[in-house]
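In what comes next, subunit A is part of two complexes: it sits with subunit B in the first one and with subunit C in the second one.
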Partner chain A sequence: MAAERKLCLSGKGVTKVFGLGRNKTVAVDNVDFNFYEGEVISLVGESGSGKTTLAKMLLGLINPTEGEIYFQGEKRDLSSHRKKKEYWKSIQAIFQDPFSSFNIFNKIDTVLLDCIRMRGGGGLPYEQKVAMMTEACSFVNLKFAELTNKYPFELSGGQQQRLMIARIFLLKPKILLADEPTSMIDACSRATILDMLMQLRDEIGMTPIFITHDIGLAYYVSDTVYIMEKGKFVESGSADEVILRPKGAYTKRLINDVPKIYEEWDLSTV
Partner chain B sequence: MKHLLQQISRSGKFVAGFSIFATILLIVLIYPLVVPDPPLEIIGQGTFFEPGIYVNVYDSISAPHYTLNLDEAAEQRIASRFKAEDREAMRGWLVGSGMPESEIDIANTAQLLDQWFANFDPTTRLPGMTNADRNYYIRLNNSIQGLLSTEAAVIAQMNAETAVLEETGTVPQTAYVNVNQVANVRVLPLGTDNFGRDVLTQLVRATGVSLQIGFVAGIIATVIGLALGLVSGYVGGLVDDVIMFITNLFIVIPSFVLLILISFSIGQEQRGAITIAVVIGFTSWVWTARAVRSQVISLRNRDHVNLSKLSGHSIAHIIIRDILPYIASYVIMALILQISSGILAEAGLSILGLGPKTTDVPTLGLMMNWAMIYQAHILGKWWAYFPIIVTIALIAFSMNLMNTGLDQVFNPALRD
Partner chain C sequence: MEKVILDVADLTTKYITRFGEDIYAVDHVSLRVEDGKSLGIAGESGCGKSTLALSLMGYYFPPLHYTGGEIIIDGHNISGMKPDDVRKSILGREIAYIPQAAMNALNPTQKIIHFIEDVVQAHDPTTSKQEIYTMAKALFESLGLPAEVLQKYPVELSGGMKQRTVIAISVILRPQVLIADEPSSALDVTSQKMVIKMLRNLMDNGYIKAMIFITHELPLLYNVTDDIMVMYAGQIVERASSKEAVFDPLHPYSKGLMGSIIVPEEGLRDVKLAAIPGVPPNLKNPPPGCRFAPRCKFARAACTAASVPLRELENGRSYRCILSEEELREAYAREDRQHGR
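Take a look at the complex of A and B:
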């Protein structure tokens, strides 16, 4: 498998600095990475370790202060709106807080129709668009007929995050950056959402990149894990290698922070 | 939307402000339909007629007369022409002419008049008396002549051939006319101004024009401020630097001084009400631009904006659909404040004599200017300036109330 691995996203010396002089904060510090197609990648780190900043740079929402990001082995060019739009057909994101991810003035139909238009389906007859939206909604166990003419904020957090996945289903990007997609959601919806994302990955063949503070989740879903501390990658490798045989002290600490369900579970207090 | 309107209608402050404003607006719209006179028409010969009902004397003579025997009629007639200050002045004259003060009783009208007519001599000059004092006593003497008479007034007409007055009728003191039967009665609820123009008609028209000026100035200022704030806040970088440089330039120049200079350089003849409104609008957008910019900066990194970018929307689409609706409530409040400050700015300019030209339409500021030039405040002609101050205050007050009310609706942290 290793021989035919294709690069999808890679970076050399990627750095992001906020502020100047004494207020200078180095959010991402000279990182190199190679993300391959078909793998499930996790970026794990505490809050403030720079993972969201890195994600925004990968998405092209902010520009790196230094360094280059390569898309499918070629230097990424985001100099014009048209080129950015083209890039965003290949890379999409799911954000942490579903309640602030949608424009509260747009109806659900608008959100989904935008996706169809972005895939070049703007001129399709309305019935066909409805069929596409219905298919996308039913993929995430939502009923489009019940959602039409509603606003996203009328849904629960879990439903909104599923709507976000329906959006990805319609957009069919090559890469999906999921920035803490489940941290604002209760534990039951969590597994559902992760399963849906993995199912979607199989269906449309995309490369998911999970950004999380939860090393347990990273182990559950990913093939390759990058551990991030203070803007640098301190450890990386296959999930088994990094999590079952951690080398760095930071990684060990992250692993120890995960509550163990099967150990030290004191039933007397229940 | 429905929910929002419900909340707004439940805000006491907004409702109070809106009712005051709507009442003013309704009066401005309906009054000209009832009283269609041109507001700048000079109807009074003379300045500052007091508020009241003006009955045509000629028409009252020819109107049917009725006899009413009312006891207090004579008393009231004397009281209205023979005031306490006149009695005091008469005592002063009599004492000055050598009469002992103990003999004078100013409460006894008949005795006082007898003493006055027995002693008063217009040619006498008392020590320390100025010319003005002497003229006053002569006027007083004329006005109280025949005060106690009970005879009827004679109406006479001049014979065109012989030039002799011929008596055509008499008006006894008990004669009354019904105001409804007098052909010409004019109510001047706020009197007339220095030019003899009906103050109320003028005030209503002036309120309308001032509101127009406020709206035009407010909308221009808000549109410019909003556009610059949105672009500068969202696009950032060099564009932001350039726009903020211009904005800061305007901030350090006091906008009222700028307004005075521009208004002065336009020249009296070219200054119409709308020209002034445009000038006000173009000098007062600055703080709207700054405030909108800071709101946009706090919005531009929100997830929903990022999502919209990822959906391939253009900058214009993102600004209009993803940023503008979020600051719309703020912009409406800024607009209300801009309108009310536009009205105040016009009043300020006009008081300095730099307002719209005076021949076209009245504005609240122009009316204040006229009242001030003709010293209504010194002469105690309150009707020429006080109603205008109240109107300006009511407009600004109602708009600020609406603004505070809206603020409480849109910003839950401020709710009572």
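Take a look at the complex of A and C:
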């Protein structure tokens, strides 16, 4: 089985340093990783552990200070804007704050039409585009007919996050980086969003990478969990192994600090 | 029977929008919190949790308006008081409030001790700075915060420390009731735990007599509070002890809410999370009858015919549904069988 797995993203010695001299901050410190196609990956860490910086490097928004990131086994080349655009066809992201993820001047149909154009569907007849958009919206339980003339800010947080998923549905990327996708929405919409993402994974065969501090979520969705502390991966492995039987002291503390409902929550450790 | 610290009866408050529409965000809410007890309020965003908190402490600034009901804190009726009078005599002494982004409330140009001097002298101008310092030092030390914090500026403190400092400042005048509105949702798990430990400490050591804890994180509520009240569209839909509310919810909405809990514990991966379909109603014109009916799996014609009263059970639980306890349990059991659980 292991031999069949295809690498989708991997990194060697990836480091990101902000600032110089005395003010130097090493946000991501010499990390190596291999993300395989089709598995669900979670990067878990507290605030300030460097998980968002790593996500930005994976997305190609910032360049690593040192080290290389490989996409499908080949060295990633982001030297020109054209190449970056090409790269972003295969990697997309959902961010924490759905309210600031959309261009406020664009109506919802423009948002979705952009996605169709990015996939090379710009020349299609309008009816076909509408059919595609309607399909994407119904996938996320939104009604396209009601949305056409609306702006994203007219929707609620959960609806906006679902619209974000409709974008992903149209773009069909190879990798989806979900940076805290549910931390700003309610617990009951959370299940809907997660279910949609997992359904999407099966449908278009993408690799979701969750970046989160919610250990419950990481355990629920992922196959492989990476725990980050101060820019380093301190523990990694299958979700069951890392979260139910943690080895490192940091991981143990992190998991111990999450409120539990079936077990006694020990408050004396802090 | 313990003494009732906070007694709220039929409290109704509304927002008046720019266009003159009335939005009843808190609709006939009654609650009681006894001495030494804590009450958790759960619900989706927009269900009126935070408005309830503001209404409880008499914070009626437009667009929020008081329409009716009574709030009695330790025998002291504060309903209908002017917000300015409330601020002078009630806030801080009778009731204290920790808002969601409390840590951003600290002025970056002032030292922490300055805020404490401010609070204390606003209520009693004769207190000297020396007295205040001694008082603050004693309080901080008993709550496990280092006394050096008092001489620091807010920027020198971490997020969790700032939040705990704000909580300590809020109880300096020994209020009866503390309202904590999502005090830990911006923090990571370890700082969150410290905040929770501190709140428990406040309760156990008698700094406050009663606490209202608002959050949408149910595992947290379960661990902090004695009772849980679930709100939906401005109304209470269920009130029960924490254990019953989490493991044996009666109202279909609470059931859905509890089904969406994820905790990193064995067996969770095999459970399919329950999601409540649809969106909460617009409070400008709430649906007739039961407000949850449009999203409810068990809804029937009678649900929308007339408004549904809160049913009281013998053991102090209450819920708002036309179905009886047995009917609801039967419906849940049937659902479980369908899903092969």
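Note that in this section the second predicted complex is superposed on the first by the 262 of 270 C-alpha atoms of A that agree within 3 Å, B and C clash if a C-alpha of one lies under 4 Å from a C-alpha of the other, contacts with A are read in each partner's own complex, and residues count from 1 in each chain.
Definition applied: a residue touches a chain if its C-beta (ideal position, glycine included) is under 8 Å from a C-beta of that chain, and two chains touch if they have at least 3 such contacts.
Nothing here was measured: the structure is a model prediction, and the numbers come from that model.
Peer 1: After the alignment on subunit A, I want to confirm one thing: do subunit B and subunit C clash, or do they fit together?
Peer 2: They fit: once the shared chain is superposed, the two partners occupy separate space.
Peer 1: Which holds for A:Lys85: it touches subunit B only (first), subunit C only (second), both, or neither?
Peer 2: first
Peer 1: Roughly what angle, nearest 10 degrees, sits at the C-alpha centre of subunit A between those of subunit B and subunit C?
Peer 2: 80
Peer 1: Using the touch definition from the top, say if A:Ser156 reaches subunit B (first), subunit C (second), both or neither.
Peer 2: Only subunit C is touched by A:Ser156; subunit B is not.
Peer 1: So, A:Phe95: does it touch subunit B (first), subunit C (second), both, or neither?
Peer 2: After superposing on A, A:Phe95 lies in contact with subunit B but is clear of subunit C.
Peer 1: With both complexes overlaid on chain A, does A:Tyr219 touch subunit B (first), subunit C (second), both or neither?
Peer 2: second
Peer 1: For A:Arg190, select first, second, both or neither according to whether it touches subunit B, subunit C, the two together, or no partner.
Peer 2: A:Arg190: touches subunit C, not subunit B.
Peer 1: Of the partners subunit B and subunit C, which touch A:Leu61 in the superposed model: first, second, both, neither?
Peer 2: first
Peer 1: In the superposed model, which partner reaches more residues of subunit A, subunit B or subunit C?
Peer 2: Answer, by number of touched residues of subunit A: C.
Peer 1: For A:Leu254 in the superposed arrangement: first (subunit B), second (subunit C), both or neither?
Peer 2: The second partner, subunit C, only.
Peer 1: With the two complexes superposed on chain A, say which partner A:Pro208 touches: subunit B (first), subunit C (second), both, or neither.
Peer 2: In the superposition, A:Pro208 touches no partner, neither subunit B nor subunit C.
Peer 1: Would you give the minimum C-alpha distance from subunit B to subunit C, in Å, for the three-chain superposition?
Peer 2: Nearest C-alpha pair, subunit B versus subunit C: 12 Å apart.
Peer 1: Indicate the residue numbers of subunit A shared between its subunit B interface and its subunit C interface, in ascending order.
Peer 2: Correct list for subunit A: none, the interfaces share no residue.
Peer 1: Quick check on the complex: what are the subunit C residues that touch subunit A?
Peer 2: Interface residues on the subunit C side: 44-46, 159, 188-190, 192-194, 196-197, 200, 216-220, 222-223, 246, 256-257, 259-266, 268-269, 273-277, 279.
Peer 1: Using the touch definition up top, name the residues of subunit A that touch subunit B in the complex.
Peer 2: Of all residues in subunit A, those touching subunit B are 56, 59, 61, 81, 84-85, 88-89, 92-93, 95-97, 100-106, 114-115, 118.
Peer 1: Can you list the residues on subunit A that touch subunit C in the complex?
Peer 2: So the residues of subunit A touching subunit C come out as 46-47, 141, 156-159, 185-192, 194-195, 213-220, 239-240, 243-244, 253-255, 257-263, 265, 267, 269-270.
Peer 1: Which residues, counting only subunit B, touch subunit A once they are in their complex?
Peer 2: So the residues of subunit B in touch with subunit A come to 302-304, 306-315, 321-322, 325-326.
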